[in-house]
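Okay, got some structures for you below.
Heads up, the next two complexes both have subunit A, just with different partners, subunit B and then subunit C.
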Partner chain A sequence: MSYFSDIYHGIRTLLTGMGVTGKYFLHSRKGAITQQYPDNRDTLKMFERFRGEVVMPHDENNEHSCTGCQKCEIACPNGSIEIIWDRQVDPETGKKKKLIDKHIYHLGMCTQCGLCIDACPSDAIKWAQNFENAVYDRSQLTRVLNRPGSKVRAGVEE
Partner chain B sequence: MYNSLIITNNIHSWVVSWMPAAVTGITEMIMIALAYLTLFAVLGLFLVLMERKVAAWFQLRIGPNRVGFFGMFQTIADALKLLSKELTGTDKADKFLYNLAPYFLIISSLMALAVFPFSQNLQAFDINIGIFFLIAISSIGVIGILLGGWSSNNKFALIGAMRSGVQTISYELSVGLSLLTMILLTGSLQLSEIIEVQKSGWLIVQGHIPAVIAFMIYMIAGTAETNRAPFDMVEAESELGAGFHTEYSGMKFAYFFLAEFINMFIIAAIGTTVFFGGWLSPFGITESIPWLGVFWFFLKAFALVFLMMWFRWTFPRLRVDQLLTLEWKYLLPINLFNIVLMAIIVWLNFTIQF
Partner chain C sequence: METATINNNFKSEEYFINMGPQHPATHGVLRLLLTIDGEIIKKVEPDLGYIHRSIEKMCERDSYQQIVHLTDRMDYLSSHINNEAVCLAVENALEIEVPERVKVIRTIIDELTRISSHTLWWGVMGMDVGALTSYFYGFRDRELINDIFEETCGARLTMNYNIPGGLMQDIHPNFIKRVKEFIAHFKTKLPEYDKLLTGNIIFQKRTKGVGVLSKEDAIAYGASGPVARGSGYSCDVRKYHPYSALDKVTFNEALHTEGDSYARYLVRIQEMWESISIIEQLIDNIPEGDFKVATKAVIKLPKGEYYQKVETARGELGVYIISTGGKNPHRMKFRSPGLSNLSLLNHITVGGKIGDLVATMATIDIVVPDIDR
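After this line comes the complex of A and B, so read on.
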């Protein structure tokens, strides 16, 4: 008798499927996932996990937490990150210390793999959610992530 | 051709008033033909837009909304684009058949459109073998598909066309038999007569259980006959490019495209006429206003079109062998049994009539 039970199961599963899609159809007005992009540029909020470009957050005292350990530079598979660093004497302790001069990030070479961010021990760099990265000249894609005059936050290196 | 609707009567008397009697017939035929061509184009464009909107809503998208109000003119813009495109063809194509093929489809669907009663007496051609004519005409369309696939000298087009032949010939059987089941109730093949019978209850109510089974079989087979997903073996995008119209471009492609959508409307319109009372309003609420019949007819037809779109965006596609299994092992035996059941019900007067 599997002939009739096949028909029964067939019809039942097809109706279940139609129920699911019908529910989607009825909720499409509120739940549309389409972003009408250039129109909603002001209100569009990208998702938390979106990988736009690598940025280095600075706090209000113009301090970042990059210690210049170069782990991100080593982790990067295509050499998008270059760190220019210097040994200077720390005025507080009087010891010689590694300090970054420039954290250079080539967006043009970056594949958004995220290995640098995983490798960073002090969470100095993270993903930004911007995506409008078009520029007129390739040289503008090379960015210096640490702001001029910024210094490493005290206590990060412990 | 001679109607009781006021507007058509007015046009008729206006034409008769200033024209010699010898040419009035031809003039009116041309006017009706132009009216149907307009209906064809408008329906096709509207159905394409509806398909895109409905598909978008099923997939939680928005759909075309840039050209005109809510994207109303999107398909018109598309049609204009197709009109302006170059008509290309393959090198060794059979040029005559290649150019002929789209017109087979267009003409067969136009002819099928001609026999529907859109409202009381609003019917171009009230032939006394209406249903038979529709079944016969709808199978001519497949010749266009076969010719197009064969003559364009492309293996994918040929495979698509052959699949179409297999599919349409198999499923025509189910369409015909399920309509025959309903003919047992009406006792007439004439479409206006069929609607007359339904004044005492739509046939799907009159015939209750076997009518519902016949309707389900009709919708499945009808979807298969229009070569739409989930039965889109003909245009299987993942396997055959665009199937039989791979080599067509510009307006000839648009003819195939339009005819596909018009065929979908025709299947829905036959379903409306035979199962859901055509232009009759539910419970006779607008019996006194005959032109509202057009509204009811299109409302029911578009509801059935929507049902077919719902199928398309819900069900997974079938393989060719599954397609034929469904037809020959399931639909056909059920259908034959269903005819016997319907015959018994009609014989013993078990129909529900108001």
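After this line comes the complex of A and C, so read on.
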């Protein structure tokens, strides 16, 4: 008798599993979780903390708040950030002041750990949410974050 | 008899076959050298090193804040727990007491990580024994946890949310709501897992009595986590050495004594229920307070040796730091659960069939970057 009860039990377990899949098959629209990714680009919004790439926000006067303190460069574990800086004499006070020439960011080396942004004392750099970073040549992954002709915002102190 | 003489001419011979390093059933770049006779396995030799990145050596170069993000890349399915292990070791060495809020948030995300890892494992386990549906169901539920991580931590897998002294930023305002939604959702889905796979007669025939590991062998091979608990060896670090907010919660250690693949499967299913229970105990009363304590920009540990162990989704992860007082560790050693659990693979699969090897490897739940580091 156990032969037949084994067959009955086996078939019943299979039907129980098929009941679950059948439920989803019949209600496939209700529980759909698939995102139609390339088609929903217009409406797709990433979370505000999503780590896409590091950017340096500039205001309308083409000013940023990077003082060139190099804390991000020191905090970076793999050398993704290089800062080329110079000292210039401030015409008002006559003191020498550190100014950045280029804030270079290697996206190809970046592991998106967030230590640079955590280290920045003046919130000069932040995360951008774009994630479509494919390029044809890897040299395009090296970016200069400060725009040409930009300068540090008045009042941001080192 | 004529058939007998024909059979005598074909002597059974042992031969070698490579499984991996790109075989999908090995879950990564793991190469297994199999000695087989027909389909019977005579010997299994894991060949490691295909994804060795010398993380321990890189740690000697990095500051203590930078080390944390390297541990994301070890056991990437329990990255938050790995981060926490390093942070706890550094905090203990500096004798920093982190705020209660940090402890509770860390524990909640730990358990979410464990559920996320186990749902992925459940899906892949089903796929390894030939049930493709479970793969999609597992990933469907894991996606919700990934969304929670993405909103609060900024990344889905390599989160790097812990820093020595606390958390990188406070939890997102939606965090509590989303976790509660997930728990309510997942409680309706876990019974479906049982209906779909646990009770399935084909799945039971593939796993019951296969890959039996005795309790003595589990201890002798240094097994930990669900692999050891499936053999009846009670070894949950969360129970015996509670860290963060785990001393405030009550939960049962999942234990089964059969030691076969099915027992290891049941342990993980039960662990998901226990994780849900831990999150439910903590989510409603996250204490107010700071999300980090200020540490020096350059952390220097006092001279000495420090050890911290935590329970990842795979077992016991140990972090061992030798400091000479500088800003980098003199030596850093990780005791990863995956390596010890892999070492018993030969012992429990010899004599079985190749198909059973795949099913047994799925229940050991190896993550190859954790083994190679």
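Note that in this section the second predicted complex is superposed on the first by the 123 of 158 C-alpha atoms of A that agree within 3 Å, B and C clash if a C-alpha of one lies under 4 Å from a C-alpha of the other, contacts with A are read in each partner's own complex, and residues count from 1 in each chain.
In this section, contacts are C-beta pairs under 8 Å (C-beta built on N, C-alpha and C of every residue); 3 or more make two chains touch, one makes a residue touch a chain.
If you're wondering where the values come from, they're calculated on a predicted model, not measured in any experiment.
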| item | value |
| --- | --- |
| Touching partner for A:22 - first (subunit B), second (subunit C), both, neither | first |
| Winner by number of subunit A residues touched, once subunit B and subunit C are compared | C |
| Which superposed partner A:14 touches (first subunit B, second subunit C, both, neither) | both |
| Partner chain(s) touched by A:1 [first = subunit B, second = subunit C, both, neither] | neither |
| Subunit B versus subunit C as contact partner of A:33, first or second or both or neither | both |
| Contacts of A:134 with subunit B and subunit C, given as first, second, both or neither | neither |
| Footprint overlap on subunit A, where subunit B in one structure and subunit C in the other make contact | 14, 17, 20-21, 33 |
| List of subunit A residues in touch with subunit C within their complex | 9-10, 13-14, 16-17, 19-21, 33, 47, 49-51, 71, 75, 77, 111-115, 118-119, 127 |
| Subunit A residues touching subunit B - in the complex, by the definition given at the top | 7, 14, 17-18, 20-22, 24-25, 27-29, 31-34, 36 |
| Complex contacts: residues of subunit B adjacent to subunit A | 54, 56-62, 65, 310-311, 313-315, 330, 334 |
| Contact footprint of subunit A on subunit C as seen in their complex | 62, 65-66, 69-70, 72, 133, 140, 143, 147, 150-155, 158, 160, 163, 168-169, 172, 192, 195-197, 199-202, 297 |
